[in-house]
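Some structures are shown below for you to check.
Note that chain A is present in both complexes that follow, paired respectively with chain B and with chain C.
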Partner chain A sequence: MTFDIFVIPFFGGLLFLLAVLFIRFTAWLATLDKSGRKKLGHGLLNGQIFPATWEVFMESLLHRRMFKQNKLLGFMHMSFAFGWFLLIVLGNLESRIYSGGHVNPPYYPIFLKFFVHDKRTLPFELYTLPGFFRFIMDFVLLFILSGLVLALIKRVRSKWFGMKRTTQHSRFDKWAITSLWLIFPLRLLAESFTAGAYQGGGFLTNTLGTFFAAFLPVEYLYYPAWWAYSTALGVFFVTLPWSRYMHIPTEVLLIYLRHFGIKTGKKPDSFSEIEIYSCPRCGVCIDVCQMNSAGRTSSTPAYFLRSLRYGNPDDEQNANCMLCGRCHEVCPVQIDTLAIRIAARYEDNKLLVPSFKYLDQFDPSDTTADILYFAGCMGHLTPAVKKAMLKILTASGERFSFMDEDGSVCCGRPLLLAGLHEAAAELIRKNTDLITRSGAKTFVTSCPICYKVFNEEYKLPGVEILHHSQYLLRLVESGKIKVNNTGITAVYHDPCELGRGSKIYNEPRWLLDRMVTINKTEQERENSLCCGGSVGDLSMNHTERNVIRDEALKVLLASEPDILVTACPLCKKTFDNGTETVVMDIAEVVSERLQPASKTELSAAVEIAG
Partner chain B sequence: MNRKIAVIGGGAAGLEASSALTSLGFRVVLVEKEDETGGHIKNWHALFPNRRPGVEVLDALRSKLGSDVELFSGKTVTEIKPVNDRFELSSADGWKTEADAVLLTTGFSLFNARKKEEYGYGIYDNVITSAELESAFSTGKIAMKSGEQPKRIGFVHCVGSRDEKVGNIYCSKVCCVTAVKQAIEIKQYLPDCEVFCFYMDMRMFGRHYEELYKEAQEKYYIQFIRGRLSESTEDHTGKIILKVEDTLLGKPLKIGVDMLVLMVGMEPAEITKNLGTQLGLVSDSDRFLVSTDQHISANISEIPGLFFAGTCTGPKNIADTLADARSAALAIAGYFDNNHNKS
Partner chain C sequence: MSGAVEKVRFGFSVNKDRQIDYDANLKNVSDIVQKAEPTFNLCISCGTCASTCTAGKFTDFSLRKVILMVRRGETKGLENEITKCMLCGKCQLVCPRGVSTRNLILQIHKALKTGAL
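Right after this comes the complex of A and B.
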């Protein structure tokens, strides 16, 4: 017997799901932009398939990043994904024992225990092939059920899984999760009842079957149980494309495309849609998002992406994000939440057309300088930083020119963060012209916001872009300036754009280490909190920003350091209004501890530089 | 025995309330954290709107204190404890006293201009605060760091006031008219000096203030530019270059001045905040203390027997502060008439 009518809910559901996936995936791939299609074709041929497949195995099945987040949470996800995968693969192998090795219809291995009542071996005879499979299949089912138990516990004790908050689910999600959670207990019941009726099954199903048979009419119950199992599978498959579980197939596609080098562009595109559909709404991002502290939970990435997926993000969800990148850092799927948010803003802000008339007043000046110093707009709002840099640059003996001494063209980053990339391109074009024609080889800026955009969006061949923390470290290491250690304690705050944004964590610390004793803080480097002053957010008021600022200050100042050091003028300004502790930029710390270099050292340094 | 009232703070409000309370028959313990009474007035050379010397008002207030006022100076009250209808007070150095009622006249502090880093206070030599200019008037020497006389001075209104970014959304009330007064005084000391005032809007709320503003424009040719300063830089000659938008012309301006005066606003004094926290008093988002009703019982706190007067409940000019102090004295008298007839 290889067919029964009860397989129809499963089989129909599966065919429906495959059809929907085929249509969706084809539509996504077909609407990739030109460079995306090129990358896709190239990626398929140049061997990227292999590392991508490895990542699919490690992430989609084993959930390695989830494990990093929390072991219990990782195990829960792995037991469902990897367990189900094993159930399918091993079930298929097992079914071939009984079907003579040829390929079976998809429902046959799934409902194998209904179709085959193997009584040739005893339940615990592991050394025979059927016995081994019976054991391993029961074991895998138990493995999945352990994950299910954890999932139920997580509902009430999410803290055990490292999560303060979990995602609130939509209606489709509720249908899907209910059917998903029923699938494996129903399989257990169906197999156990069948085992009870026919004395089959492995260590688990046989034991349970014998137990149920003692007081239940299992011979009448097993058939409805198989119906229920099939129906649960069918319902899950039908609801999957509209629920968060769409992330299961989509993430696989995402991993391949990402390995091929495809990224979310400046406007919403089909790749950003793939990223949006890949969000499992696991909720890991919700806890790390400081929007919660400000009472704006609906703007956290999980909910924002959900709104995007169902097509109705409100303006506030779009605008309300510091773009600090903490969510991207912890996301198990590594969804580029920042790029998606910025692309979504394009739609909101595209009607804004700024004027560029003022650009004409800036002319490139011919300088003989090697170093071009750019304070940036924020640098001009913190004159102490600017003054410190000029003092250090003068002391270093380097030939420098102060590019924006007399006003400047904005770097373009604030416009980019608002999604206005066409307007930003105008500024980038102008600044590129000014920098290229200055002839300088090194460009140093005090502002991490500027640094990121000069580093990533500008094409300046032959010009090295440095943040002042990197440059100052270089000056100290090369002996062009000397600093002393005054023995005071300091904590260092990683600015979002410099740390997570540009991966510069070490240079400021190495530099500071020569001047102060650095106290560690509970959340630093990749986990550093946002200061609350970000130009990335377009909707928060100051009261809400202050909540975020104070939260960060609490963590930073826990060790009661003498000074709080940062490397971003905006962080400095923001923190300075929230604490009595002295807040300094790293350049000011250097400037205060600058030692007069002896003449011989100075000329030696000049020679090295020459 | 006469009832004893502790007045915390010997500035304008504390002095006026103390003499009012004694004339109502109370004994007063006046506690001042500094060595001398007078609060901010003692550092203020001349008062708006008529530019009379601050010391004149201060002398008048001090001379009204009779022998029923026991003055303790150099004492910072750190704790006020309500105990059985009375209060036990103690200071940081261990001094103690008791009182039947307490009047907080703890006042304000000036906004720390360093918090507005883009204006360059503490960074550039010739950026000073309005309080520092007032001291300069006392010495009669208006000069730049180099010793030269400034040829052009800018006044920036609303420094630390009406500025969400520094956490102060409120208006400090007195800075506009102070700027006008100081601008005129500059012109009197240095008739050739050009004076610019950068303002958001001119809040000339008191009697004769508007006349003073008119006089500043018509008689002294002081230039008032509507626009908030965005940032200042120092050029190689030490000139302060201001970036500001003239919002009436709708044009960005760049202007160099020899000296920049920041009109720093009022914030609740540290002691106001500390005692408020210690007593569990309500304070608003502006951090000033809150009375039970801002119209009808502006001097009465949530704690029976504890009263407020002066700028601990928000920015006030001197005349309003003195009126508020007398009103507090009456509120205290009323408190004993209504609630404590038995003793």
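Right after this comes the complex of A and C.
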């Protein structure tokens, strides 16, 4: 016997799911933009498939990044994903023993114990092949059920899993999660009842079956149990494409495409849609998002992505994000939440067409220099930073020019963050022209916001773009300036755009290490908090920003350092208003500890640097 | 000698009428903006924003003027004016009243495009 009518809910659901997935995946791939299609073609040929497959195994099945987050959380996800995967693979192999090695219809391995009652193998007879499979299949089922128990515990004790908040589910998600949670207990019941009725089964199902048979009419119960198991599977498959569990198939596609070099662009496209569908709403991002402190939980990435998926997010969700990147850092799927938010803003703001034609008349007299210093808009609002930089540059003896001494054109990053990249391109063009004309080989800026855009969006061949923390370190290391260590304690705050945004964590620390004693803080480097002043957010008011600032200050100043050092004028300005502790930019620290270099030393150093 | 009296030009003229006709002006832009960015109401027209403005260095763009015009409903020509903003956010940092100026600009933009009909 290889068919029974109860397999229909499962089989029908499976066929439906496969059809929906086929249509969706085809539509996504067909609407990839030109460069995306090209990358897809290249990627398929140049061997990127192998590392991608490895990542699929490590992430989609083993959930390595989840483990990094929290071991219990990782185990819970792994037991479901990897356990179910093993159940499918091993079930297939097991079913072949009984069908003479043939490929079976898809429902056959799933419901094998209904079709085959192998009484030859007692529970622990591991030395025969069927006995081995019986054991391993029960073991895997137990493995999955342990994950289910953890999932239930997580509902009431999410803190054990490292989560303060868990995601509030939508109605479709509730259907899907209920059917998913029923699948494995129902399988256990169906197999146990059958084992009880026919004296078969492995160590788990046999034991349970014998137990049930003692007081239940298992010979009447097992058939309805198989029906229930099949129905749970069917309901899960049918609800999957509309629930968060769509992430299971989509994430696999995402990993491959990402390995092929495809990224979410400046406008919403089919790849950003794949990223949106890959969000499992696991909720890891919700806790790390500082928007919670401002009472704007609905703008946290999990809910924002959900709104994008099921319709349009409201203006508040679009605008309310500091783009600090903390969510991206912890996301187990590594969804580029920042790019998606900016792309959504592009949609939102595309009616607006700023025009900077007036800049054509701006034609400052040509200055030539080796080093071009750019304070940036925010740098101009913190004159102390600007002054410190000018003092250091003068002391270093470098031939420099202060590009925006008299105020200048904005770098374009604030426009980019609002999704207005066409307008930003105008500013980028203007600044590129100004920099190229100066003939400078090194461009130094005080503002990480500027640094990021100059580094990533500007095309300036032959010009090295540096943040002042990098440049100052270089000056100190080459001996062009000298600093002393006064032994005071300091805490260094990683600005979002410099740290997570540009991956510059070490240079500021190495530089500071020569002047002060750095205290460690609870959340630094990748986990650093946003100061709350971000130009990424468009809508938060000052009161809300101050809440975020104060929470960040509490973490930063826990060790009661003498000074709080940062490398961003905006962070400095934001923090300065919220604490009695002295807040300094790294350039100010250098400027304060600057030692006059003797002339001979200086010329020697210049020669070496050559 | 001719009898015609020649007008003497002193280089001065009479100002155009500066009376604001609130009945004729569009007030719904202001309503839409207030709803979309409530901090709009906090503005005291001190002009700090205009004095620090990056775009203001190159043009006569002034956020203070823009806000006054929106409040009065004098929206003619405003759309053109507002395209000059680079959205750099200096005004937001210096604003003594905590107006979310960047969003304000975007919302005025949007209200003019979509709501002012």
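List of remarks:
Here, the second predicted complex is superposed on the first by the 602 of 610 C-alpha atoms of A that agree within 3 Å, B and C clash if a C-alpha of one lies under 4 Å from a C-alpha of the other, contacts with A are read in each partner's own complex, and residues count from 1 in each chain.
In the analysis below, a residue touches a chain if its C-beta (ideal position, glycine included) is under 8 Å from a C-beta of that chain, and two chains touch if they have at least 3 such contacts.
Values in this document were obtained by computation on a predicted structure and should not be read as measured data.
In this overlay on chain A, chain B clashes with chain C. A simple residue count on chain A separates chain B from chain C, and the partner touching more is C.
When the two complexes are overlaid on their common chain A, residue A:47 makes contact with neither chain B nor chain C. Within the superposed three-chain model, A:542 lies in touch with chain B and with chain C [touch as defined at top]. Judged by the touch definition given at the top, the superposed model places A:577 against chain B, while chain C stays out of reach. Look at A:384: by the touch rule set out above, it reaches chain B but stays clear of chain C. Only one segment of chain B in 96-104, 186-194 or 222-230 runs into chain C in the superposed model, and that segment is 222-230. Shared contact residues on chain A (touching chain B in one structure, chain C in the other): 380-381, 407, 541-543, 573. Note for the complex: chain C touches chain A at residues 36-39, 52, 54, 57-59, 83-90, 93-94, 98, 100, 102-103, 106, 109-110, 113-114.
Against chain A, in their complex, chain B makes its touches with residues 115, 117-118, 120, 122-124, 164-167, 231-234, 243, 254, 285. Contact residues on chain A toward chain C in their complex (touch as defined above): 315, 319, 349, 351-356, 358-359, 361-362, 377-378, 380-381, 406-410, 412, 414-415, 418, 420, 427, 533, 535, 538-543, 570, 573. Of all residues in chain A, those touching chain B in their complex are 380-384, 386-387, 405, 407, 541-543, 546, 572-573, 576-578.
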